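I am attaching a structure below and will ask some questions about it afterwards.
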Amino acid sequence: MTTYTAAVAGASGYAGGEVLRLLGAHPDVTIGAVTAASSAGSRLGEHQPHLVDLADRVIQPTDASTLAGHDVVFLGLPHGESGRIAAELGDDVLVIDCGADHRLESAEDWTTFYGSEHAGTWPYGLPELFVGESRQRDALAGVKRIAVPGCNVTAVTLGLQPAIAAGVVAPDDLVAVLANGFSGAGKAPKTHLLASEGLGAASPYGVGGVHRHVPEIIQNLTKAGGEDVTISFTPTLVPMARGILATATARLADGVDAARVRSVYEQAYGGPGEGEPFVHLLPEGQWPTTAATLGANTAQLQVAVDSAAGRLVVTTVIDNLVKGTAGGAIQSMNLALGLPETTGLTTTGVAP
Amino acid sequence: MTTYTAAVAGASGYAGGEVLRLLGAHPDVTIGAVTAASSAGSRLGEHQPHLVDLADRVIQPTDASTLAGHDVVFLGLPHGESGRIAAELGDDVLVIDCGADHRLESAEDWTTFYGSEHAGTWPYGLPELFVGESRQRDALAGVKRIAVPGCNVTAVTLGLQPAIAAGVVAPDDLVAVLANGFSGAGKAPKTHLLASEGLGAASPYGVGGVHRHVPEIIQNLTKAGGEDVTISFTPTLVPMARGILATATARLADGVDAARVRSVYEQAYGGPGEGEPFVHLLPEGQWPTTAATLGANTAQLQVAVDSAAGRLVVTTVIDNLVKGTAGGAIQSMNLALGLPETTGLTTTGVAP
Amino acid sequence: MTTYTAAVAGASGYAGGEVLRLLGAHPDVTIGAVTAASSAGSRLGEHQPHLVDLADRVIQPTDASTLAGHDVVFLGLPHGESGRIAAELGDDVLVIDCGADHRLESAEDWTTFYGSEHAGTWPYGLPELFVGESRQRDALAGVKRIAVPGCNVTAVTLGLQPAIAAGVVAPDDLVAVLANGFSGAGKAPKTHLLASEGLGAASPYGVGGVHRHVPEIIQNLTKAGGEDVTISFTPTLVPMARGILATATARLADGVDAARVRSVYEQAYGGPGEGEPFVHLLPEGQWPTTAATLGANTAQLQVAVDSAAGRLVVTTVIDNLVKGTAGGAIQSMNLALGLPETTGLTTTGVAP
Amino acid sequence: MTTYTAAVAGASGYAGGEVLRLLGAHPDVTIGAVTAASSAGSRLGEHQPHLVDLADRVIQPTDASTLAGHDVVFLGLPHGESGRIAAELGDDVLVIDCGADHRLESAEDWTTFYGSEHAGTWPYGLPELFVGESRQRDALAGVKRIAVPGCNVTAVTLGLQPAIAAGVVAPDDLVAVLANGFSGAGKAPKTHLLASEGLGAASPYGVGGVHRHVPEIIQNLTKAGGEDVTISFTPTLVPMARGILATATARLADGVDAARVRSVYEQAYGGPGEGEPFVHLLPEGQWPTTAATLGANTAQLQVAVDSAAGRLVVTTVIDNLVKGTAGGAIQSMNLALGLPETTGLTTTGVAP
């Protein structure tokens, strides 16, 4: 069996740390260079004390020469930096970008939401994405560049795409409100992200269509078959370190009842042990909790039909750092390398 | 100056405790009997250690004879119990029900959502409620029965009624998703309400139009001028003791822009020091946080117009136990007794 | 009745914000200038959205000319800055320093723990402090300078001083371990204070006798009658915004039993309504919780005698920002101004 | 390679759920019967939604006939129940009791602290326990009964035993104060364990030498070489779901300095990759955080010498459900079955 070597840039941050955590459990990967910017030169254990086996690794600077020579390079960098690094790494290296740079296909959307020049589009690392009748996983075999989706995007896309693809809801008036753990906001210290501010508080951010995940959601749901997709998207910070609970609603098409919706989602994903390995519809009567996905590469969903309001409500939970970032990255890596898709990934969460 | 005496039934619970906390700061009220069911006979301090001045009060049983003889009686009882008690108290006593029994005007809605016989409708204790051109406060002067609104209902009603009354949104496809603190679920011990389950987790409940606050929201927004109101309403539990963040959205009417919406909300509520004493539109660019309302009788709102999605987004924060329950109750009491509406109530929260 | 004017320096921080919150409820004080350093020029509401009545105040720069002309000036500044400001304010102004500069009597201790030159000692703002047979409150009447104690110091001093003064424990081998809310660490953004780091985690800091509150505790307990006081002091950060739970232990003197200890604490403080207005021994069988003191100027204590271990255990809870900082400051201000000590301060916490 | 079958009693509780989580990752064990009392007949997924692979397992009743026929039986039962079940299981089955029944060697201590008749002593499942010069792991090979230690006991024992064994501290005046996550209190619903009560609060329990873990700590530290061990032990509940931070102090023996203490702990445990596989002394200057151990079978320690107070301070973090319960159980199972001690267990935590 081949063993692949992987380097991780941004190793002192949350995305990089989570990639390292998961790679440590991957049977076919050996961890090579761990790099970062301002923390280069320090022990990894100072920044990631939970990565006990890697505690004494010294963080190297993030540059192409350090990252070169690995089979796989994961990038957990601020947006705008990955294109340059990737260009220096050569086409034989599998580069997996956990940042935003290469997710969008529309250069115009990129410029509108990020205000800079578009660095180009990479194959999109959401294997379960509906692309017409097929799935995005089919497009990932053998690729050398992967753009990992945004964490909110993963939750909302998984929640709504079955209904949109099946035509049981209208795609032109979607609403999603998310409860987000703080790790999604990154590790750079800012006043509003302090524990003293966040404990005991809930607050929205990026309201009114300005959040950078909006065009990415629309891109995905359009691929899933939606025409003229629009979505009102509001993330909110709530006092947890990890996790996303996405509550998404859409207007029901005429004549669609709860049984039909349930059938659509069962066909799309199946329950545990069936269909999608990492995306599961819960049994009727059971509502999802983010706690059930902590540390696991799973999404759990539940659906409800509100006949009076004429809306489908889909609630989806993921761990933003696993299925929402690092787990999705490794799942995509497996596909790109030709490994079984589930290798090294768990469906078992850490709860309570 | 007259001093009124008040009794509180359900004094060991969260609603009752909060009424007592606020009454302790009310200059015109003396606290009389404190009663409860299973904890009768014990010191109040065992159950409400924060109410230092009342710590040595002995809880009496909840019955009409104990509650009689006070000017005001607050009921913080399980639903279904207040009608009987109130009937025994006589029409000269001001009875304020923090429970659900008397909120709904439609007996049919009551039966559909609560499954029992309707106990009758009382004057509704949300002074800021739009009733056509007037406000509900005008209907509270001198009344002897008050039904305090549900906490979620207060947040969603305050958030949406200005837009609906002004016709800047369509009332027939509203969506609201709420982040709720655990005290809203009461003090009865249940497994899913344990700290071990709730810490680090977010989860929805009452999804799909089955929550009992739905008909009450529709009742309110209809009074505010909405026709054929429907709302998709999803509350979610997040790890905080108190607080509600309500994110509500509605389809914008043609030609409505951000300036028009802002003007509508400014006229409806004003900022601090203007208009409504307890409901404030935040300055542009500032998003609300539940922490700012902790312990205070305030609602803080912010609005955003999402042109691409064609939706208004209103985010509203309250303390579920204050503006959402006990503060609203005392504000209504002030109006019923002819006291200045703001007597004994604060706009200052406890943060961080 | 005289009304005093008060200015608050450091108004955008936690200590300054809490002083403002409490002054807002003080009947004899009008809030004058609010000042800060880097946030000068912005609305106070941006930084302290819970202070609704002051939201539109514009923050002024912290300098002597802005602060001059008030009867009282509260300083919530980084240590090292208050001495200079105070020198410019003149002796007719009551200056209350919430920082550390003037707490220690020993210049040597100051230099050892703070590494700079000592700025001099001010009257110490812990009214309940035992000073031999008298109380520190007697030393505060009419003073023009007050040094507010450290929050941890207040909790540990109140917990241990009765036992030490009565000789029921040995003062030379004290141990205190504290669970601390994050607001005690201030509002400056640092990685280890992020919500993502703090949620779901407990960690110690300042271990091994290096914390700057150690010499201050020893100073206090020596005044209370202890000889050769030594204390092992370990604060720990736990996931709450406010609150200190101090668990302090001391070796019991020979022949001391639980009844004797209880009697000592009852005499020292009394329960609610007796003795000390803000420091209360809980009834037997009831353990303190920080939640009961949130927003209140109270300390709640419980004592236990562990005969097998030969140790007294005293658990004390306070709100670090109220009794631990701003409440103590205002209580001391009342004494200095000749107002009733409890003016404008509450014993009622906000719970749950 | 032999595969062992394991049954888990108490599968709907926290200890049982965690045993199942870890067994799911164990390469040599197949999960057989999962049993419980009141939840028998329901899907395991209802109670443990994070155990995706086992979600459709139906919980069976806890009785000997259901548990029989497995190689290993884990008991996560209320104390007092394991002895009877174990008696029916026969001596060829490896029975691992996560409860308290068989931990204490002194029947007198049992009766004093638990108030019932002692069920007998089983081999003690703390492999790292110092037993004179040897380690408890040597006593676990081939045994058929194992008593898993209490979670607090594990943290305090690991923290103090090196110092006691080496004689660098006095064993007769130990003090330990713990910050405990709520899962340690179990899953039975009780008012004081509600999220509404626990969020934002810290409170002590079992104070004054009455906690049932006290005699077990003394038993361990005596085995480690302590004479006349006494300990003042205070656990406190803080707002986290999992984790224990134990701050333990002991009087230093004459002439012991920081270098000597550090050497003792390095020799006892080593850092990551050395010595003990699951117990690690952190590098100087790095303080432990419970977050680093979440989900992992590790203890992380740091030591400090407080010369002024004459005390050693040891801070130890574990995940109460892993190293404190289920992980320790599986580590002990490995030893009993002759498997490598670390099989199926991880040192990598889930953070942030």
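Going by the order they are written in, the chains are A, B, C and D; count residues from 1 in each one.
The definition used in the following text is that a contact is a pair of C-beta atoms (placed from the backbone, for glycine too) under 8 Å apart; a residue touches a chain by one contact, two chains touch by 3 or more.
In this text the structure is predicted, and so the values were computed from the model without any measurement.
Chemist: For the interfaces A-B and B-C, which has the higher count of C-beta pairs in contact?
Modeler: A-B
Chemist: Among the chains, which is located farthest from subunit C on the basis of C-alpha centroids?
Modeler: A
Chemist: With centres defined as the mean C-alpha position, give me the subunit B-subunit D separation in Å.
Modeler: The computed centroid separation for subunit B versus subunit D comes out at 45 Å.
Chemist: Can you give the whole-Å distance between the Cα centres of subunit B and subunit C?
Modeler: Their C-alpha centroids are separated by 35 Å.
Chemist: Multi-chain contacts only, two chains or more: what residues does subunit C have there?
Modeler: Where subunit C meets two or more other chains at a single residue, that happens at 14, 183, 187, 196-197, 199-200, 239-242, 288-289, 291, 294, 351-352.
Chemist: Which of line, ring, star, complete or other matches the graph of chains that touch?
Modeler: Its topology is that of a complete graph.
Chemist: Under the stated contact criterion, what part of subunit B meets subunit C in this complex?
Modeler: 14, 17, 21, 24-25, 43, 45-46, 48-53, 55-56, 183, 199-200, 241-242, 271-273, 280, 282-283, 286, 288-289, 291-296, 298, 300, 346-352
Chemist: Write out the stretch or stretches of subunit D touching subunit B in their complex.
Modeler: 14, 181-183, 185, 187, 189-191, 193-200, 239-241
Chemist: Enumerate the contact residues on subunit D facing subunit C in the complex.
Modeler: Per the stated touch rule, the residues are 173-175, 177, 179, 196-197, 199-205, 207-209, 214, 230-234, 236, 238-243, 245, 247, 249, 251, 287-291, 294, 302, 304-311, 313, 315, 317, 351-352.
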